[in-house]
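These notes concern the structure reproduced below.
We call the chains A, B, C, D and E, going by the order they appear; numbering starts again at 1 in every chain.
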Amino acid sequence: MTLGNYFGNIYKGLKSLAAGMRLTGLYFVRRGDSLTQEYPENRESLKLAERFRGEVVMPHNESNEHRCTGCTACELACPNGSIKILTKFVVNEEGKKKKAIDTFVYHLDTCTMCNLCIVACPTDAIIMANNFEHSVFDRTKLLKVLNKPESKIMTGVE
Amino acid sequence: MILSIYNFTSLTDKFHNFLLAHMSEGIVLATELIVTGLLVITFVAVLAMVLIYLERKVAAYMQLRLGPNRVGIYGTGQVVADVLKLVLKEGITPDGADKLMFNLAPYVVLSTCMMALAPIAFGNGLVLWDLNIGVLYITSITSLGVIGILIAGWSSNNKYSMLGAMRSGAQIVSYELSAGLCIISIVVLSGSMQISDIVNSQADGWWIFKGHIPVIIAFVIFIIAATAELNRAPFDLAEAESELTAGFHTEYSGMKFAMFFLAEYINMFVLCAMAATLFLGGWMPFHIGHWTSFNNVMDYIPSPLWFFGKTFFIIFIIMWFRWTFPRLRVDQLLDLEWKYLLPISMVNLLAIALMNILGWHF
Amino acid sequence: MLNASTLLLIPLLPLFSFLFITFFGKKHLPKASGIISVFILGVSTLLSLAVAYNYFFVVGMTNGIYQAISPMKLEWLRFSPGLSIDMGIILDPISVMMLVVVTFISLMVHIYSLGYMKGEERFAVYYSFLDLFTFSMLGLVIATNLFQMYFFWELVGVSSYLLIGYYFTKPSAVAAAKKAFIVTRFADLGFLIGILILSFHAGTLDIQTLIARLTTSDTTFYASATFTGFMGASSLTWGLALVFIGGAGKSAMFPLHIWLPDAMEGPTPVSALIHAATMVVAGVYLVARLFPVYAISSPHLLEIIGYIGIISSALAAIIACTQTDIKRVLAYSTISQIGYMLAALGVSQYGGLNGEGFSASMFHLFTHAFFKALLFLCAGSVIHYVHSNEVKDMGGLRKKMPITHLCFLLACLAIAGIPPLSGFFSKEEILASAFAHNQTIFYIAWLTAGLTSFYMFRLYFLTFWNKEYLSHHDTHEHHSEGSWNMKLPLIILMLGAVGAGFVPFHQLVTSDCQPYESEFHLNITLMAVGLSLFAIIIATIFYRKKNNLSDKISNNISQLYNFAYHKFYFDEMYQFVSQKILFNVVGAFSSWFDKKIVNGAVNTTAFLTEAFSETIKPVQSGKVQGYALAFLFGILGLIVILFFF
Amino acid sequence: MTAYQIWFYIIASMILGGALLAVTARKIFRAAIALLVSLIGIAALYYWMHYEFIAAVQTIVYVGGIVVLIIFSIFLTHNPGHTIEEPVSIREAFAFTGCFAGFAFVFSLLNRYSFEQTGDALNHTMQVADVGRALLSTGNGSYLLPFEAVSLLLLAAMVGCIVIAIKIRTHK
Amino acid sequence: MIDQVPLTHILFLSTALFFIGAYGFLTRRNMITMLMSVELILNSVNINLVAFNRYLHPNIDGVIFTLFIITIAAAEAAVAIAIIISLYRKINSIDPEQVDELKF
């Protein structure tokens, strides 16, 4: 190590010291942009990010129709076995017997929000909602059926 | 000297004379010891709570957070709650531990750092024991604290504890050198090791202003070395969570852990008070040379306010450090001490001695 | 100019160069160290030339006598009030002359080696050795003190050992270095004893004081030196004889000449420097340095020296006629010429014209340095060209190496004593002085001069005429005869060899430092030159063209020829004496004595001690606490004794 | 019994108790801590004698230096729970006898000798500056040469320690 | 004041400390504890020097000697521990009974 190196190191050390302390000092002084949310108070105005994954939901349109064909791709994709699809056969307008979902069972308690089911779904029947207040007093309440009662598959979805 | 308006000597003298009037000398001594002991314990407890609160707030603000803000006004009650939790928790002693030593260690650590408070002048005349080797005494007592840490590390019968204790011990012992050299440089300038002398020598300006660049270098080195001696980030290898869980106090819980925690903060206070005393004039108000009127105005601010103001400023700097820099590696730590701080502080000490001999300081 | 600081620079510059190359140049400037040391030595040479000019023509002469100037004398080791070892500088005619010779020849060799040694792996080391040698030789030359002289004498021996053994990967070179070292060291033992004897009697080691005390017959020193005797000779004579043995060893005189031919294993420039021009004349210089003592106090010894010189000269000349290795011929020629110088000293007396021999000897030393260095360097060029030492590999080189050829021819003429070349003048003086004082020596010297011409021209013709040279790399034509730095020293030395004879030595260097008028002896000149010319003619007949005349002659006198060819079996004799007599008889006995008596006594003592120690060794338990306990009880015991008894 | 005497006997018992434990404890770490107690007691004794400077030096060097060093070496050469072997009993007996005899002897000697105390010495206060001046001046009652010699000794010890304890890496 | 305790008591203390140290040095089967005993011995000497200085001689010679002894003790401890560590590396034990290479 040469002498120049030595003093160069000292200079670099002091410089990085000053730079780092300047940054944190600025943060310390700049009070406005605190990132902390005072949550229960601001529940009304709370905005979550678009991509926040809260739970899996199955959207229905106004005529109580969903897009799920009961193909069980999501069930296969789920690493935790959080999704269970029970199917039934329904007769459609043409009189053909066709497979359709009976109940779309979703275990929120074992779900890790990995998003694999959403990716696997060929018909975009399920999506991630950004609802995060899942606290319940009974564990059974975390077992959810996603398809609404009497719902049907949307026409045109194969 | 207008300084006398806030002189606490009269107060303590009054107390002493009052006691003397009623009891024999030995009892007076004992009483005074008990009173000061209680005062110190109270002070220490309050101080630690304040510092913990401060630390959390500073950390939060530097990380663009809010910090504790629920319990009490601005979260001040949070600390009390934490303390209560620690006090009420069960203290567990591991099976394979050396029980006596394991239980002894926190007391050693805590009592040493409380002993170090003795010669610190909190205000004009507000000092427990103004002995003639004040700074040397503090240095020696601080070095005692290592023993407690080593005892804790060994007696836990846990490899993480032991490694943490060894790292901590090595770190404290090595950084003590450069810290000691910086202390000596002020001793050289003020010509005394007595705290009151050192403070009085700054009546016409603090050393950091009077002593030009060498004293500023000494100050910076002292702050760095103090941070390292305190095992605080970025020098917290002794309790590096990712490597050693929590270092020497891994096995401690409840009140014993609280004592280590307390000791850590008191040590911080002691070292920062030292820095404030040595470089920023202790309780001495901000004076500029012979501007008498300005100095008089400054004297109206009570001396403990000055002292705590400076000390907390340095504590803030150390906290600022902590939340700015990542942890060093062991080799970087030792490089910093033995290759940089120690040689620089040695040369600096020479420079200061030269400066003192030639009378170059103000 | 003649102050100590300037003079000190002359030897110290080479020393500096040596140290510089050894500690720095070897690693960082492996190529440039040659140039550096040439430059440094050039400065040294210029200084010594300036010193010589100043001494001889400006300040040296006072009252018609060249005074010995001693500008520096540093007391180094003091034994008694009178006896001390000094380090100093002395300037008198012979030392100044030697300064010039040594620095000049050394410079030439340095320059020459730039070309000759180019590409050697240990190039820098070579130069550092050369510089060390030059330094020691200069130190020897300017020594004021016999012990200083001895000091540098040994240093010269060491550096010559290093240089001879330069190619240490060659076993023959190693053997030659060892041989040279052992033989000269053996002779140096004599020198040391001689120094001790002389200093014991003279009470001083300082050369000038010693000469003054041992030449004036009314001093107590002189009386004590001549009073005690051994085997019929006074101790002064013995001391001088022992000193001469040292000189004879260095100068390769009979019978200690055996190392010199072998020493030709070193690089050729080294041979030129050490074995022709400088180191080997150290013996002559030594005798010359103490010449007044020899001449005045012990003239018979001087006569013996003269005989030894001339016998060596004649023997070497005979051997030289039969050798086929070019360097060996030159080596024997060197022995012969040095013998000549010693013979000249031997026939000389102290003072005036009677001291002509001294002057002639120094003169020959001077001229010989030039032409012999030239001969060696030419031989080096030839060897460089043909990559062989043997004359049978050479021949007809005159067209391929014109400059070398011319130089060699002129050097041969010079050594043969053909006027007006340098050798003629010095030889003529030697012969004249011998004729005046000792007829026997004169005739042998005269015949030797003829032999000299014969073998030199034999060498010359065999190398440059005779058969046509064929490269042994037949396929491609050879490189040129050498780079400028090999030719330049040749030309300079050639000028020296031609012109050195015109230096008026009888005015500058004489036995009593006073100029004298020399006489010209026409008859001696005619005799010598005639014989030389005759010898040259014979050599021309024998060797100019390839023929078998020489073989016929040698066959006719095959006994003598073989005898001479085998160097008179000197090596074998030494071998016989050392191996058969010393090793087998004396050595065997002392070995037995050493093994049985000396060693036996020691072993018995050791055995008894061991047996005793066996009984007490358990006390040494190795346990430190036991020792401490013993210590404690010892102290308690002491206290008890102190307080209660 | 005055406060001074009480303090002295407390300190003395601390020193001797620590020392006894240090030489008898079977657990080496406890022995080290007992030594620490003894050394702190000695520092306290110096404070008691109003030699604050030497007391502080004692604390720094012995407690902060030597005991830490000893504890580190214990860390490096022992594992927790290890106990030291019993002493060699015959040697223990001899050692006890010898030490006891020595102590008895010195004890009787001290009992018989009366020291002449000077009031002057008892009131004398030592200034740290005096120590500094004595260490760095020449002349009567000054110690520049020993000071330099000791600094050389420390340097030599430092080099020696490094040389002894260094691990020589052998390249294969 | 300090003269309430006679000098002899301090000297008894230091004597006792000395012989405790000596006993430890002679009996401990562990080099580190032996070193500790040596420290005790050195300290007993220090006590003597300081006490004599306090009681008998109103100057600072005793203190300075004590300083020197402390310094040398530090050097000695460092060297001793270096030796102990290197010994431990070599024979994996610091029992003085096993270190008898110098036997016979």
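In this section, a contact is a pair of C-beta atoms (placed from the backbone, for glycine too) under 8 Å apart; a residue touches a chain by one contact, two chains touch by 3 or more.
Note that the structure is a prediction, hence the values are computed from the model and not measured.
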| item | value |
| --- | --- |
| For chain B and chain D, chains touching each | none |
| Chain A to chain E, fewest steps along touching chains | 3 |
| Chain whose Cα centroid lies at the greatest distance from that of chain C | A |
| Two chains joined by the most C-beta pairs in contact, as defined above | D-E |
| Centroid distance [mean C-alpha coordinates] between chain E and chain D, Å | 5 |
| Between chain D and chain A, distance of the C-alpha-averaged centres to the nearest whole Å | 69 |
| Euclidean distance of C-alpha centroids - chain A vs chain B, Å | 49 |
| Euclidean distance of C-alpha centroids - chain A vs chain C, Å | 103 |
| Shared-contact residues (touching 2 or more other chains) in chain D | 2, 53, 57, 65, 72, 74, 91, 94-95, 98-99, 102 |
| Interface hub residues of chain C, defined as touching at least two other chains | 625, 629, 632 |
| Multi-partner residues of chain B (at least 2 other chains) | none |
| Chains that touch, pairwise | A-B, B-D, C-D, C-E, D-E |
| Residues of chain D touching chain B in the complex | 2-3, 27, 29-30, 33, 36, 40, 52-53, 56-57, 59-60, 63-65, 67-68, 71-72, 74-75, 80-81, 127-129 |
| Touching residues (chain side chain D, partner chain C) in the complex | 91, 94-95, 98-99, 101-102, 105 |
| Residues of chain D defined as touching chain E within the complex | 2, 4-5, 8, 12, 15-16, 19-20, 22-24, 28, 31-32, 35, 38-39, 42, 45-46, 48-51, 53-54, 57-58, 61-62, 65-66, 69-70, 72-74, 76-77, 84-88, 91-92, 94-96, 98-100, 102-103, 106-107, 110-111, 115-118, 120-122, 124, 126, 130-131, 134-135, 141, 143, 146, 150, 153-154, 157-158, 160-162, 164-165, 167 |
| Residue numbers on chain E that touch chain C, as the complex places them | 22, 25-27, 34, 96-97, 99-104 |
| In the complex, chain A residues that touch chain B | 6, 9-10, 13, 17, 20-21, 23-25, 27-28, 31, 33-36, 38 |
